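Some structures to go through are shown next.
Paired with subunit B in one complex and with subunit C in the other, subunit A is shared by the two complexes that follow.
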Partner chain A sequence: MVKVYSITQCPWCDKVKKYLKSKNVAFEEHNIEENEADREACYKLTGDLVVPITTVNDKDYVLSFDKEKLDAMLGL
Partner chain B sequence: MDKPRTHKNVVIIGAGMAGLTAALYAGRMNFSVLVLENGIVGGQIANATGIENYPGFTKVSGSELIGNLQAQAENFGAVIDEFDPIQKVRLNATPKIIETDENIYEADVVIIATGMTRRRLPLAESGKYENKGVHYCELCDGHMYQDKTIAVVGGGNAAVDAANFLTKYAKRLYLIHRSQLRADEVSRQRLKENDKAEILLDTEIEALHGDGRLESIDVLNKATGETSTLSVDGIFVNIGVEPNTALFAEELGIGGGRILAGEDCRTKIPGVFAAGDIREKEIRQLTTAASDGTTAALLAEKYINGLKGGNPSW
Partner chain C sequence: MGIYDFTVKTSKGEEKSLSDYKGKVLLIVNTASKCGFTPQFKELQDLYMKYKDKGLEILGFPCNQFAEQDPGTNEEVQQFCRLNYGVTFQIFEKGDVRDETAQPLFKYLVSQKGFEGFDANHPITEKLVAALKENFPHFLEGDDIKWNFTKFLIDREGNVVARFEPTTVPSAIAADIEKLL
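And now, the complex of A and B:
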């Protein structure tokens, strides 16, 4: 399961989501401004609240938009 | 496997205001137009929270303005690719060559509109705290500082506008600038009237402190010579910008500044234009970026028509 933690106004979050869509990667969107549980999950995973964060199975993650790292994590 | 090779009439490098305006105009001329963007579409203004000096708009967000312009350009056939970074260019070749991670593009005309990137805080320890209290995107990271203490560094419009925006989160905000503010009077007045904000002029940050995360900063008041420590949870850096010229520095002979080109946006290489903030000029605004994009695209048409006739003038 791929999740993208983001906020409403965030150009890099939009870029990550556009990239995943362009590669036909299904993902869940989690807006940490709107959901306290998502904020906590985000903090627990990375120790911070920097967005966007793309996660796989709530374990591996990539901060911001990093094509190489995203491709490696998602096997693209 | 060899990369696919594709010919385009116009390749535009950079999808900010200048690049997208050029794409709109070139698209309307029925040229094949490709826009390549290594960062985010919109460039610097993608992060702008409220633009109040673009004609025809009382107030508009950067994302809305650029979203509309992108749709306009795409509507006239321009293709925008933000996921295929450029590896190298050969501007002196005929046709010009732009090699990306996945493609090789040939182009009759290249319009360079790569804009600027925010200057990093010039302190040795700033990298250690990047995204751990030191930030360069208010829109992306401001939300982390609900009811916290923030400092914004810088004195131009971008800094003061960032400070005004961040007061919606912060319980306390310092604007720190090494000299006097250069921002518009309207923005300055707005910040001065905000009870959460304190403006520290003639002041420089000397050091950052914190155990893994930023906790405080040392600031020097240059007028009194006194250094004091401010407890802050985060700082947002807006101390100017640097031109994105690395790809072209050698061929265009750039020594660290912007690209030399006149109001016609023509560089010293025939068929290569420089548009927007990347071009050396006195005034760099959204409106002048749009103007450059327009000029470059219209003169690109003239050049391409000449090229087709075997006599491209430059």
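And now, the complex of A and C:
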């Protein structure tokens, strides 16, 4: 399952979510502002707390709304 | 009047007395917004993760008197936001930190530790000074906060022991923090 780490009021997170929806990519949203376990997981994955982070396998991830990199990772 | 006599407001609008932090080492920082180009947030976060269990608390005070930017980076474009409040280290209500409208806490801090110049070796110092001269020349005068990410280090007894300008990155003050822990 594709995961998107986000925070509240983050225009770039909204863009990623909209883009994934437009491509019919199913994803789970994990708000790292509201959930401590998600925050720890995001920090463990990326060594930082910036969002949006999109990951397919909890190993490879794309930071920010970067269409090219998202397409490559998701095979779009 | 000491640091523990001040009361500030959390990002949720609740009153918080700084006496709640008695016995902790404090780093008080005026921060920028969460979606600006603000690399110092990452280093502050790293410091907090590293030292929170030894008694460090970082208190961030967002302020929009400085165009919500890290110094000298107006031209940078970035497309992400940083988690920076409420949950990791403590972020308080947005408010002024300089001039007449400054929060009392910051008037106190700058009275304890005045401005002693920027770090001449930092790559953005020149840009920052040029930008200040052009846009906010009076910011360069006196002891008030010059820009985002001015840092005040407080020891476990509540003494303001050091002030670091925006041109000193958080990782560079780790040794000063360790001495107090």
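The rule is simple: the second predicted complex is superposed on the first by the 76 of 76 C-alpha atoms of A that agree within 3 Å, B and C clash if a C-alpha of one lies under 4 Å from a C-alpha of the other, contacts with A are read in each partner's own complex, and residues count from 1 in each chain.
In the analysis below, a contact is a pair of C-beta atoms (placed from the backbone, for glycine too) under 8 Å apart; a residue touches a chain by one contact, two chains touch by 3 or more.
The structure displayed is predicted, hence computed values, not measured ones.
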Does the superposition put A:Leu20 against subunit B (first), subunit C (second), both, or neither? neither
If you stack the two complexes on chain A, which partner ends up touching A:Ala41: first (subunit B), second (subunit C), both, or neither? neither
Between subunit B and subunit C, whom does A:Leu49 touch in the aligned arrangement: first, second, both, or neither? both
Where does A:Lys67 make contact in the superposed view: on subunit B (first), on subunit C (second), on both, or on neither? first
Identify the partner contact of A:Val4: answer first if only subunit B is touched, second if only subunit C is, both if each is, neither if none is. neither
Can you pull the subunit A residues that subunit B and subunit C both touch? 7, 9-13, 32-33, 48-51, 63
Subunit C residues within the subunit A interface of the complex: 34-35, 42, 45, 49, 78-84, 86-88
Which residues of subunit A touch subunit B in their complex? 7, 9-15, 18-19, 22, 32-33, 48-51, 63, 67
Touching residues (chain side subunit B, partner subunit A) in the complex: 40-42, 46-47, 49, 61, 63, 82-83, 85, 131-132, 137, 139-141, 143-144
Over in the complex, which subunit A residues touch subunit C? Could you list them? 7, 9-13, 32-33, 36, 39, 43, 48-52, 63-66
